[in-house]
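In what follows, chain A forms one complex with chain B and a second complex with chain C.
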Partner chain A sequence: MLAQVLVSSITAGAVYALIALGFVLIHKGTGVVHFGYGDQVTFGAYLVLIGQAFIGLRFDVAVAGALVASVLLGAIIYLAFMWPLRNASLLARIIASLALGTVLREFLRSYMGPNAWPFPFLLSSTSVPVGGVLIVPANLAIVGVAIAVLVALYLIFDRTIYGKAILAACENSTGASLVGVHVSTVFLLIWILASVLATVAGILVAPLLTLSPDMGLIGIKGFTAAVLGGFNSLPGAVAGGIALGILEALAGTYVSSALKDMISYAILIAVILVRPQGLFGELTLKKV
Partner chain B sequence: MLRIRDLSAGYGHKNVLNGIDLDVPAGSVVAILGANGAGKSTLLKAIVGLIGRSSGTIELDGKPLTNESADRTLKSGVALVAEQRELFKSMSVADNLLLGGYLRRGQADMREDFERLLDVFPRLRERVRQPARTLSGGEQQMLAIARALMSRPSYLLLDEPSLGLAPRIVEEIFDIVRRISAEGTSIVVIEQNVNLALDVAQSGYVMETGSITLAGTAAELRSSDTVQAAYL
Partner chain C sequence: MTVRLLFGAVVLVIFFAAPHFLAEFQLFQVCLIAATALVVLGIVVVTGIAGQISLAQAAFVGLGGYGPAILAARYGVPVWAGIMITAVVVGAVGYALGQLTLRVSGHYLALATMAFTAIVQLAFIHSDAVTGGAVGMQMPTLEISGKTFASGGTLYYVVLPVVGVLFLAVHNLIHSPVGRAFAAIRQSETAAAAMGIDVLAHKSAAFAASGFLGAIGGGLLGLLSTYLDPSQFGITQAVYYLAVAVVGGMQSPLGAIVGSAVFVLVPEFLQAFQTYLGLVFALLLLVFIVLRPNGLVSLASDLLRIVGGKQQRGAA
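What follows is the complex of A and B.
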């Protein structure tokens, strides 16, 4: 039973990790907590639906098109909103991110309707017994894609000078500028990368939740995972996602499935109260 | 030659620098002296583009130096080692150095420079895998200088390299400054330790409240009554 719970929890954990990574990337780079990020995840999935159901593209072509569109969306968000607001107060930028999410959500509600749409799984959703545990190929695909994305990001950040330049700009934008990194370009890349991550997460999670304008509430799970792992730590975001998936699954199985979401939010509150820097984040002390 | 004429700059609407004229001949060391609040650090920040200028011109080897941003100024060959060092403290010594060579990424001789600088700064070689935040103050200063040298600047601006460091470490750092200068890099050094600055420089300027009040060779400044009374 425990083995089954853990196996099942990895799927949710992998998606939470991707969403958490998007939150943390944006926050590390630009100081903004993008409260509209969950709605961007939804929008990314809808881009695939529009391509497939309305333009008549094959699923893989619709996915490619959605990823390209999400690059443009990320660039537009940064250039049209976040760059002009770069010197505004934190509150103004948070409100802007919330407003952005609302615009995306209500746009989808107006033009795609309020009802849920089915979204294709990447592989079969019929479970297969393997060594006493039921494995769903579709869930394996979700975990596989998430792992591939996370490994790719790790290699970029750890092994390439461009990835190190992004991390450097996130840590110290003055220092980055002094070594020749064009910091505003880095921030643009961060918003584009986060936008693409949102679309990938949306494509992975939509079959599990069914696609509706309100699917963006999944963003709160990603936010919780980021807080749990440490909002200034990229590895922490991944660990937080996996941990949240496991804790949620355990709570749902051994406490109450009806209270699963409540338990997740209780974890968020507990982390903020007891260890606000999360499991892997660093506590920042600021003199005021 | 780095030539600055009538440079004014500051923060917001308040000018901190007022009409600065300054020359840094190629291959020389120029010291900038002055008390706290004289505008010395602001001058270096205005040269590289960390702050904008409200008026004046900066020319590098006869061409206007755009100071839109520090990364663009570095492309022109002017590197700043800031007073706060601005290291990437969670990253290793090796990564800090590699990032110092960011504009030369992909060039075959970058690895050579990396090894050569670890020879110049053997303390850094001993700690090459350690995060920068675990280094002592002196080691962090060495790392900041080495990182700036990775870009092979023609002009190196040093803001208070001895600040907060033990005398032995300061001596080590200034020996390295002499060595860098001997290799042909032009250096501008801000230093509150006037003796040290005039030992290593060929010429210098004294700043007070955003203006240059005295200029001359190192020997002239050392023998100046004003400098002797105020700083020596």
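What follows is the complex of A and C.
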């Protein structure tokens, strides 16, 4: 029983981890916390659906089309909103990212209807018993992709000169441009990468959850995971996601499934209060 | 002084004349604008003036609606008393939430207040025995000394005076030492602290004020809609109130009124496009935060400045 709960919870945790990776990528790379990221994940899944159901593409072609479209979406978000707001107050940038998410969600509600859509699994969703525990290949794919994305991003950020350029551009954009980093190109690439990641997450997550315009609320869980992990640490985001998934599953099994979400939000507030640097992050102090 | 008296007299005349010229439904809409403006006024105080982002307003509104309804259903407390008691309690909750700002600010504060709203909404949905669960509950009718106030035409005489008095109070608050301290904190917490302002106490007070205003506004909105639906008190609604504040103009109480008027009246003109309403509001928020972060009110004051500038040149 406990083993089965843990195995299923790791899938949920990987979902949170995947979304948390997007948050951390944008925050680490551009210094912006994107409150509309959850809605972007939903939008990515809908892009596939639009390609498949309305244009009549094959599923794999629709997926490829959605990925291309999300490159455009990321570029539009940066060029039309985040670049003009680069010197705006933090408040304005927070509200703008909330507004972006709301626009995407309400666009879907207006044009695709408020109801849920069925969404196909990429892999088989029939469970296979392994050592007395049921394992679902489609869920395994989510865990695999989350880890693959983590490793790829980790290598880019920590092992390549481009990663250093990204971090430099975020840390001190004037200084970075002085040493030859093209800051706005770096930010553009980060937004595109995050947008593609959102679509990948959306495609993997949509069959598990119900694909409706409100699926973006999953963003808060991704957020919680990112906060647990320290918001600046990529491995932290994955660890935070898995930890949140397990905590939720335990709370759902042993306390009450109705209280599950409340518990995870309470964890969010508690962690922000007690350990704002997250469970795995390190505290950065700004000296005045 | 005479200007103020004259202004007050004009307001009173309009207040008593309006019911003779407006239909029942239009009076209802005026009440709706006023009650929404009161909710948004809370955001003006905490976010616009004190600079602390808050996504807790929808939760305050929900508590302000459920409070009097539960007090009336369980303990027979009159609705008007219930609204007042609840507002004071929610103000205290706001103060406690404000204590969070000791340790968090910026996007962490947005996140914490967002989580607060989510928790309160889930509490409404899952406390079936008390709140009626996901179905919601009936808001009792307002009764004061034997008179019932159930329609837009009668609630008009309750909602508008209450909202008017609170707007006056907030106007005075903003121009008081406390209000100036709020503004100083928005501009620089370090500088405010260096001037001897108790930053945490003031930030908490701003949250308390936003809780109080949100709860009264929530009570009035409940009276107007007569039904409490828990889906109306979530994060989406918190962003909606923020959108009203941004579009109207977050820096002044006037902005709350202008924004509420836009958000209540636009659906009337767009009745044929009900499906696109949410999208229209979201786009309004996005366009304003990028192009006009200080809202419609700043547009008007810019226009006045242009006109005023021309007059001055003409005089010289």
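Here, the second predicted complex is superposed on the first by the 278 of 288 C-alpha atoms of A that agree within 3 Å, B and C clash if a C-alpha of one lies under 4 Å from a C-alpha of the other, contacts with A are read in each partner's own complex, and residues count from 1 in each chain.
Here is the rule we go by: a residue touches a chain if its C-beta (ideal position, glycine included) is under 8 Å from a C-beta of that chain, and two chains touch if they have at least 3 such contacts.
A quick note: this is a predicted structure, and the numbers were derived from the prediction, not measured.
Once chain A of one complex is fitted onto chain A of the other, the partner contacts of A:L85 are limited to chain C, with no touch recorded for chain B. More residues of chain A are touched by C (comparison of chain B with chain C).
By the document's definition of touching, of the two partners only chain B reaches A:L167; chain C does not.
In the superposed model, A:P118 makes contact with neither chain B nor chain C. Of the two partner chains placed around the shared chain by superposition, chain C is the only one that A:L100 touches, whereas chain B remains out of contact. When the shared chain is aligned, no partner comes close enough to touch A:G31: not chain B, not chain C. Taken together, the two complexes place no residue of chain A in contact with both chain B and chain C.
Residues of chain C that touch chain A in their complex: 47, 51, 53, 100, 103-104, 106-108, 110-112, 114-116, 118-119, 122-123, 126, 190, 235-236, 239, 242-243, 246, 275-276, 278-279, 281-283, 285-286, 289-290, 293.
Contact residues on chain A toward chain B in their complex (touch as defined above): 161, 164-165, 167-168, 171-172, 174-183. Chain B contributes residues 48, 50, 69-71, 74-75, 79-80, 82, 86-91, 95, 98-100, 102-103, 105, 147-148, 150-151 to its touches with chain A in the complex.
Listing the residues of chain A that touch chain C in their complex gives 33, 35, 81, 84-85, 88-92, 94-96, 98-100, 102-103, 105-107, 109-110, 217, 220, 223-224, 227, 258-259, 261-262, 265-266, 268-269, 272-273, 276, 288.
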